[in-house]
Amino acid sequence: MFELRLVQGSLLKKVLESLKDLVNDANFDCSATGFSLQAMDSSHVALVTLLLRSEGFEHYRCDRNITMGMNMGNMAKMLKCAGNDDIITIKADDGTDTVTFMFESPSQDKIADFEMKLMDIDSEHLGIPETEYEAIVRMPSAEFARICKDLSTIGDTVAISVTKEGVGFSTRGDIGTANTVCRQNTSVDNPENATVIEMEQSVTQTFALRYMNSFAKATPLANRVTISMSSELPLVVEYKIAEMGHLRFYLAPKIEEEEEIAGQVETGNRKETKSKLEKKPEVKPMVVEESEPDKESQLKLEIKFEPKTNSEVNTLGETKCKVESDDYTLVETKPEAESNGDICTLVETKPEAESNSEAQVMDVE
Amino acid sequence: MFELRLVQGSLLKKVLESLKDLVNDANFDCSATGFSLQAMDSSHVALVTLLLRSEGFEHYRCDRNITMGMNMGNMAKMLKCAGNDDIITIKADDGTDTVTFMFESPSQDKIADFEMKLMDIDSEHLGIPETEYEAIVRMPSAEFARICKDLSTIGDTVAISVTKEGVGFSTRGDIGTANTVCRQNTSVDNPENATVIEMEQSVTQTFALRYMNSFAKATPLANRVTISMSSELPLVVEYKIAEMGHLRFYLAPKIEEEEEIAGQVETGNRKETKSKLEKKPEVKPMVVEESEPDKESQLKLEIKFEPKTNSEVNTLGETKCKVESDDYTLVETKPEAESNGDICTLVETKPEAESNSEAQVMDVE
Amino acid sequence: MFELRLVQGSLLKKVLESLKDLVNDANFDCSATGFSLQAMDSSHVALVTLLLRSEGFEHYRCDRNITMGMNMGNMAKMLKCAGNDDIITIKADDGTDTVTFMFESPSQDKIADFEMKLMDIDSEHLGIPETEYEAIVRMPSAEFARICKDLSTIGDTVAISVTKEGVGFSTRGDIGTANTVCRQNTSVDNPENATVIEMEQSVTQTFALRYMNSFAKATPLANRVTISMSSELPLVVEYKIAEMGHLRFYLAPKIEEEEEIAGQVETGNRKETKSKLEKKPEVKPMVVEESEPDKESQLKLEIKFEPKTNSEVNTLGETKCKVESDDYTLVETKPEAESNGDICTLVETKPEAESNSEAQVMDVE
């Protein structure tokens, strides 16, 4: 028997609205510690983790750890039927293959029960090591969303640069270039509007804007966003969920050679492609993506994390996941013999390990 | 000469906005008593009646009963050009085949005249008997609209169940089931928010959600909606129009065998069709509908009312239509020899009666 | 070196939003007097002029007259990235072929630089003579926009009629006719809502509604619009831009024979085309338009202005352009031998004059 009751039901509605376009199907992991999720996006490039700690619920009961596989689109459809002020209850009886969502209006005059079949989803739990990031930016989430949206009208990728002075976002496209800087500012009237930078060394990395825009769909969840970066590590974009947990997005950086960026010279309105770029084979490791075929710079990337098989670190919250940083494997994929050495991939390397996905939840707090 | 002047012109704008997608062409009947309309929807499944009593207008003049055939889409286009605060005048001179809509801004500084050709529309006036319904639900119109919209994201039909405790709305679709209950509640702070049930016996009927959603487009007309149901009778969804009249929608229930509903078992995300369902021929009585061919439960229904030829009851409001309940004919259509007896149809049975459609308006108040 | 700084950056955002659908590419002319633009719409039927006087900017520096060719869509994309409260700086260094837009948030915490390549656009500067118009209407811009939008649901063209009593807008289409009159009203509480008519003689002219709707996209720029008309001259629709200048749209009237208008008789829902109309060849002078081929009344028009080659009147604001009214040439184009004499065109007649487009800016104040 699993049951949770969330008075602020709109939180769950917002979580699903932010996930439904990024992730198709995912396993929710229910344990005594909380309700959590870890899933790759449908093109296997980005990773999402959700944590809602049991203490945050008005009522939380989990007799034994269970995994509930759900289609995010269908779950979002059902949660859309909850009013913004409704109390949401999620219930799953032992031995059934359905989950029930109950929505109660604040006045208790309207009660809705939605029942959805659960799915069997094949997934690996990845151990996400607790990492010290070289640069951490905390800024208003709406501003981050606005910048990503603005830049994507100009280009496809964003270079994020963190220095002591501030954080810069740059792009380049057929019609020109754009460069937005948010200065560190801790002395604003409202601390919600501050841009705060915590860093050991300055970092610059480049990411696909289309993923950044997907992540920014979580903006309604929190007024603030935290962006954590280290060279050669995936970036983390984190939204706190009230006092209960967080929604985190991981995305591997694109690694582009200097000349390649310089090669994208606009002449009038056409992008001139240097012949040297044409010699490069497009790298496609198992990843299906809807990118236009003529964008040579759209290198396909795969985030890969080592799956954890050590059971001590597998149960959510019971044992803190204290993995050494060398546990975190950065793999260069060489899809064809002549690898050009420019892809940073973090690969799930042991799919054959046959780990038990049921009780395998990582706490990365 | 016919002329009416409506200070609260937005009412007429809202009426047309609710009708334009449901009804293509319709005859407006103008008599000394009021301005009214009776029309089938374009797929001949639902019936709409509108009544605006003459007393409700600032000015109302109708020298003789006339019928004005109008295309609802075109009329809606013209009324959309009226401002929300405009005074609307409708005028038709004798012997012309046009109608004029005049819109005056409150300051009288802007005056617009729109002229539209009238159409000859072949239609029968149906006598709608004054019926005692077994169950009547009065509830906030926005809540009814929200429930219909929510359920239609899950399924195609809604089973409405009225008991003393409340009214329930249930559906079932590929992704799961939904069941919303509004409890009877007469002691709310604001009587506009009450859900009030008046019933002789509990009733459960199933309807196509796509029609319910069409009806709910009238929500801006009134804060409250009245749903009247009797077993084997069409449901009535009524919106009051200020102090002037009403907009009513009639829809015949779908009659489905128990096994049929049970046959729609979802397995994962696919709907499993029991072979017994495939043996049933799809019933199609003169009705063209855009439903998907594989939904066996989408039985085609036709509402049929006996047309009234008795002139005493035909003139709007002059003689109250006191028809006995056995006047109301429930007809089983048998499109092919092997009728499976599961359609509740109310058929317009005397199209050959050559009734004079001009002065034939029913008052069903 | 050219640099301007506009504290009320939203003005420039609104200017581009109103232009981007009408004009593809245009040359901005920068001189000591101001920042201006003159461009034909993409189908070469309407003419737009923009003037932002140098005094209106917080900072304005223009070392020598320059012309900056820009794609309006791309420029609009970049300006969309400016916040509504941002201060906008436009900068172009000598000898470069790029322009930089800088957006500073009011708090100065966020600064964005957008760089766009300039284009070489072939264009003639037209001398627009200072004309005394026979009728000038000043009215609320929102009301003008609403009327154009409303009428375009009924017909394709609008006949604008100015008399002492007021200004009338009429159209006719398949579904009927519409006629809106705004009465002259100078004694309203709020002068912003007044409709003021200044006229020597009454004028009636017919215009394509699709252009009027394009012009009305400038409505957010100003609460009031000025419509100037003279028989046989293009109409001018003017929006003032704060204290800085204006955005003006010029459109030649359609000239239709009386019989032709009468020929568009609606019968029911179909437009009956008189056979006499079919005998008329459709006039197509170099103009590409997406109008439906069966609308005989959609005559192609071309606005033509004499280009000014007299240098005294060419520099923006330095010498007021005092052209006699006979300088203004109204040309009848005869695309084929059998001209039917019904097109009023104002043609740019001297493209071979090889005028220097750089310093050739007309002040038509």
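Just a few scattered comments:
A, B and C label the chains in the order they appear, each numbered from 1.
Here, a residue touches a chain if its C-beta (ideal position, glycine included) is under 8 Å from a C-beta of that chain, and two chains touch if they have at least 3 such contacts.
For each chain, UniProt lists the protein as follows: A, B, C = DNA sliding clamp PCNA.
Every value quoted in this text rests on a predicted model; they were computed, and no experiment measured them.
Once subunit A is excluded from the assembly, the chains that remain, linked only through touching, form one piece.
The rotation that brings the Cα trace of subunit A onto that of subunit C spans 120°, given to the nearest 5. Interface subunit A/subunit B: under half of the residue numbers present appear on both copies, so the contact uses mostly different residues.
Mean C-alpha position of subunit A lies 48 Å from that of subunit B. Multi-chain contact residues of subunit B, defined as those touching 2 or more other chains: none present. Taken in their complex, subunit A has these residues touching subunit C: 143, 146, 150-151, 153-154, 175-183, 185, 188, 195, 266-269.
Listed in rising order, the residues of subunit A touching subunit B in the complex are 71, 74, 77-78, 80-81, 83, 98, 107-117, 119.
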